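Consider the two complexes below, in which chain A is the common component and chain B and chain C are the respective partners.
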Partner chain A sequence: MTNIDELFVAIREGDRAALARAITLIESRRSDDHAMRLELLELCHTDSTDSLRLAVTGAPGVGKSTLIEGLGLNFIENGAKVAVLAIDPSSTRTGGSILGDKTRMTNLSKNESAFIRPSPSSGFLGGVAEMTRETILLCEAAGYNRILIETVGVGQSESSVSQLTDLVLYVAISGAGDSLQGIKRGILETIHVVAVNKNDGSNERASASFAADLRNSLKLLKGSGPAAEVLLTSALTGNGVHELAQTIERLCHSLKDDDSFQSRRLDQRRLWFDDAVNYLLEQRISSDPRLFELKTALKGKIESEGTNPYAAALSLVNAILGS
Partner chain B sequence: MKKLTYSPPPGTAARTVPETSSWISPEGFQLPGRYGASDAEEGLPPAGQFPYTRGPYASMYTVRPWTIRQYAGFSTAEESNEFYRRNLVAGQKGLSVAFDLATHRGYDSDHERVVGDVGKAGVAIDTVEDMKILFRDIPLDQMSVSMTMNGAVLPVMAFFIVAAEESGVSTESLSGTIQNDVLKEFMVRNTFIYPPPPSMRIVSDVIRFASERMPLFNAISVSGYHMLEAGASADLELAYTLADGLEYVKQAITGGLKVDSFAPRVSFFFGIGMNVMTEVAKLRAARTLWAELMAQFNPKNPKSSKLRTHCQTSGWSLTAQDPYNNVARTTIEAISAICGHTQSLHTNALDEALALPTDESATIARNTQLILQQETDISKAVDLFGGSRYLEDLTRKLIQSARSHIREVDEVGGMAEAISRGIPKMRIEQAAAKRQARIDSAQEIIVGVNKYQASSQPQLPVREIDNASVRRLQVKRLEQVKADRDNSRVEESLKHLSAAASEPNGRLLEACIDAARARATLGEISETLVSVFGRHIAVAQSFTGVYASEFTERSTLDEVIQQSDIFFNQTGRRPRILVAKLGQDGHDRGARVIATAFADMGYDVDIGPLFQTPSETARQAIENDVHVVGISTLAGSHKTLIPELIQHLKDLGRGDILVIAGGVIPEQDIGYLKDAGVAEVFGPGTLIPEAAGKLLAILIEKSTLDTP
Partner chain C sequence: MTNIDELFVAIREGDRAALARAITLIESRRSDDHAMRLELLELCHTDSTDSLRLAVTGAPGVGKSTLIEGLGLNFIENGAKVAVLAIDPSSTRTGGSILGDKTRMTNLSKNESAFIRPSPSSGFLGGVAEMTRETILLCEAAGYNRILIETVGVGQSESSVSQLTDLVLYVAISGAGDSLQGIKRGILETIHVVAVNKNDGSNERASASFAADLRNSLKLLKGSGPAAEVLLTSALTGNGVHELAQTIERLCHSLKDDDSFQSRRLDQRRLWFDDAVNYLLEQRISSDPRLFELKTALKGKIESEGTNPYAAALSLVNAILGS
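Up next is the complex of A and B:
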């Protein structure tokens, strides 16, 4: 029904509705849509090198969305086009969710040079990473060159989001349980910039000392390499947001000056391949009733008969290769 | 928090109680006007004595009944003026002005963002000339005027003062009340303009001005009404209203005022719902708590600790189905307010779930109070139910529960801080979602809605407002005022206002009065202040799971969830709906309850920001690629804004996105909206699972047609 070539042309021409529908296609779990999705991906396979993919992560309530609004408007002032992909975790038991990001980005959402798309995190084949990866490519094909990906910093999402992006911005606030010990070491290692947000009013002193502590421990952590930069921001008053945007631009330039930008993206493409192999295998299993039954039966045997998991996996793989 | 006690301030306990008249009933009983403390089981001090549980005054209605004060404002100053004058002739003692949403939000009628809002839900006031028409031939030195204004309180007070001045009435002789309660705007009502800190400064500035120049004027009416309407339970309404009041008192004292110079003029405003004894107890509890909260400021004047209040029957309790039942509901609520000893009362008209009242329905509403006042014995004694074990127990329980909510607020550093963290808003919204689930699963009965539904509905005549012609009239008058005025004087006065706003202690209202004299408009004054203070953008936390957990009819809910799963399997994604509000209508209870309930039933729900134009909402709908846009409308702008939204969607190539509407939509507008392309209209009282299911059926059918 949908003509992919036409859709792609419309995306290239900056048609907002076309980009939105293409993202829907990527988010779709319907098997009929997979072929079209692949076709679309083929069309925008070239990696845009003049883009910057920025992950914005941090605990709920630290002011990520409001900060993204400020950052986005700064980027646009410098002539960029900004896409914000917000991954919302608020899925309910029934699969539904509430996506309220635009209430926090009212000015950015009205701006002609911005595109904001909140997506629920649940229920995508291949997971959030797969969906986000492809959506980034679509946004770049549509001419957006600052891609901001907002995720909530819980569990594994920081490390997976760092595998999709060029830079990671971590948003924190002083007090409120977000102490230094609260930030996992594994997360700290992937961060390039920290914004200590809500640096306003009675919070200013606590923010400054929290930032100083963070700087020290980030230095220790990085050893000889460059430590993540720590900036004070207030999304409320706008203080520090311009400086944050400049810092991100500067980091982006210095990454592109040496090879690290390209090699990071190449690594990410290799990882994409690995992920895709796993994903396609899973796909194959769940779409083939015989394989699906076998898998379920083998899993059951691990529990009921104490079958060795390795042996069970081997018989499943053999069945796939034989099929 | 400071330990609160009941001990009365020195010199207040020993006052003698004046005599009240006794009366003889038709049975020949000689009945006293007041039953003494010894009659009340609790041995409470009598009315008029600290802590005023039984009433703020000793004799209460036995000497002077409550003031019948009907809130009204219709589109234009001319129409409203005529309405006020008719009512004054008919026995009303005070008047109460409702402003339109554009005025509330600080926009002139010619602003592009208020196209659908001018003249809706109240009168449009752009300049002092409109205010002069509003009060034409009404003697302002003899008439108490209540004005419901919060966001644009400065220009409105300035226009009021200048209109009086130019008709020869001095500022000092003006009496009445200005709502001026901005904290609850951030919590529930959303007609704010500036961020919280400058908004609080404006509140204090008005209180300061009144304490200096307007001895007969209540400079603030701390309001719980809107919390009740937004879904707060009685204890939440009580606690947050008093905590708001406390915050204003503290701020005024910090600003250098002496407690007795303004506290006697702090008034309150509560909503009255259907639980008769709870509402009586709520007003008694409010007086008790306020007296004990005020003790920490050591007032010398006993009036500083007396809570005086206006009450309004609940608009939310009215139903669009079987609307004649609303007369009974309003009467019952009025009885509660009276037995709780309110100082003034507004009774709602039976058609207020559909539109602004007609002259006929407004007359019934007013007569309801006249009947209670003059045909019954309700005014004949003080604290009629005092001593009832049930009432005393309820009063005590409400006091205790409210105290613990106030303590929670106190622990985070006061109401301003609690609001900035979103605590009260969240509590109230959760209460609203629970309440809706109880109604939708028939644990709570509403006659004619979820039980005893009528087979046919009476066709009520509904007041219709021609919003476009009101706007034309206002724009013309604005042009006239601008043509006649001395622009250099306007500019100078606005520069002066801007300078006053930039100084931490600048006198704002004086500067606005000067600008009003020069014929600066409400929009110009507000924009000048926005350029210094900024414009506030509301951010609300959302939650899921509350609705589903309170809903007891599991099978109904599961049916909808099952349907949403069918849709998911068919289309590859969850049904996605954008729940949005258009224009300046900030009443978002309905929208937010719908959002959380739909998410609980398997929808992906986008919530639109408040105060959007149709084109902004259309853009969000296409960017998020939703299946449906659901517009919640309560302020009567649907006939202008919804067709515009549909046009924008078509222009963006997405005419296929469904548009549905819900809220206050009169029966006779449904055809108009459907002709304009609205897929479905859900009136008030629609059960949410029913709406969610019906919508899914439409979506499933549509996607089956679309799929080859």
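Up next is the complex of A and C:
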């Protein structure tokens, strides 16, 4: 039995092992950890408004990890404490394809001002966003004020990640054939900065021309806000990484100045409530054998077109609420 | 008290007044109409796979209504029966800004093979998508096989509409300044066809150049599927409208040939079930004074940051399920 108050004190004192243990507790999702988990969240819950939550997304192989390391070291030089988390919906299949190995961020992981959390090794379905929200709060309670969240461009992860973060950085490379192909539904308008990475050696000419194309497209496609900025970086040589870190800090300041930062966070809190209600209801339905069986049977009938989805939903809701 | 069996027979016989009455019943949302509504849905519910559900979206003023009229008449010439519906989330504020007036589609509304349903005059929050799903089924039961759903590019309507339809047509005009600005989050990748409308008179040169820009951007931004097709139309002169109707029919055939049509419909049925469960739970919470008060109080506490959203959700779920 973990003593939550002691754990929290250790987290506040900067004990990284305690933080890692607390995150494991959050991730466990075991129902007997429920009370502890809630207690821990209550202790951590105040939103830290001096933090910046940055999503780093992009297709596999574009160099996200190396770029995150460069960015992280830049933030630390500037006096920040950096936490790196991962949302990896594919980890169930690949055994943890991102951040699976801290050695990919050797310099950052050795730094005292950095905390790197590999993606959970055992897979879980759903609840990714919710769990990450809680992990962010834990890291902030531990004093980390630059939270970098890496996600690969698959499934729902990209749109979820923009609902958890203040800014979204998209990492791309030239010569990937069809340019923005990796960008899935709904993510495009959520991007604040694009890094055209691997801008080194023989890639430089192609990178510059790709960046120009991107700028035009993003301008054409921008919503009511400003178009995303496009920067050239090389995580390998370090060129452009400092400028990228500066751009991110500048964007963060300007968001905080005009209240959009706070209102985005408030929206995210509201969404968290709605998501958590759905998640908890779902969990309760799944853990009740009678309701779970009914739901499975109804879904089967919907798929074979024997039942109208609305009528099926009504049966389930009546069974849940008893009427 | 309406006799649902009689109403259904009248709908099947093509009685347009009966269809209009049935849609009103669906829209009423009065709890004492609940049983009737369910009965009606049960009668109508089989998915009509020879129908095409087409979303027509775009900013206000681009000529959606006139283009819909032209498309509808083309489909009818081809032997189809055409229903035109509207999703208008702004109708609560404007008193029905789209399809509010059938006189905007004079020729189509006089045609015996067409049914035009203005957007509901009284506003309602939420449930837009669900209600439209049911209305589509009613129209299909009445023999309409080209269902055109008009929506303006505001709020959630665009992403909802792609979850209700087989194909999405986006209507744009050149010279709107910033091009695709009207396209909101998540809609871009859901578009199958773009009509650059008002391609007439002095607009022709600008329209052609705008269409070329769009083609490039859409190609650059395409996902794994084919890029959206871009056509030039003038609802005023009728130029290009026949070609647009043909393109839509061709796309519909090719979707049906490779099973993606059916699998999209099946996904939509699954989503309908999930949405309906959430909607019905929400309705039951709202109609229970104790739960409604609790939820309002919890939301207030979340906004003032006094409560962690997860803890608030847990209180609500415990109150709902009693634990």
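Just so we're on the same page, the second predicted complex is superposed on the first by the 287 of 323 C-alpha atoms of A that agree within 3 Å, B and C clash if a C-alpha of one lies under 4 Å from a C-alpha of the other, contacts with A are read in each partner's own complex, and residues count from 1 in each chain.
The definition used in the following text is that a residue touches a chain if its C-beta (ideal position, glycine included) is under 8 Å from a C-beta of that chain, and two chains touch if they have at least 3 such contacts.
The structure presented is a predicted model; accordingly, all values stated were derived computationally and were not measured.
Q: Could you say whether A:Leu266 touches chain B, chain C, both of them, or neither, answering first, second, both or neither?
A: The second partner, chain C, only.
Q: Of the two partner chains, chain B (first) and chain C (second), which one does A:Val317 touch, if any: first, second, both, or neither?
A: Second partner only, chain C.
Q: Would you sort A:Lys110 into first (chain B), second (chain C), both or neither based on which partner it touches?
A: A:Lys110 sits against chain B, while chain C stays out of touch.
Q: Between chain B (first) and chain C (second), which does A:Lys299 come into contact with in this model arrangement: first, second, both, or neither?
A: Second partner only.
Q: What's your read, chain B or chain C touching more residues of chain A?
A: Here the partner covering more residues of chain A is C.
Q: Which bits of chain A are touching chain B when the two form their complex?
A: Residue list for chain A touching chain B: 1, 15-17, 20-21, 23-24, 27-30, 32-33, 66, 90, 92-100, 102-104, 106, 109-110, 115-118, 120, 123.
Q: So in the complex, which bits of chain B are touching chain A?
A: 537-540, 542-545, 548, 561, 564-565, 568-574, 595-596, 598-610, 616, 619-620, 622-625, 652-654, 706-708
Q: Name, in rising order, each residue of chain C that touches chain A in their complex.
A: Per the stated touch rule, the residues are 38, 41-42, 45-47, 130, 133-134, 159, 178-181, 183-186, 188-190, 213, 217, 220-224, 266, 269-270, 272-273, 276-281, 284, 298-299, 302-303, 305, 307-314, 316-317, 320-321.
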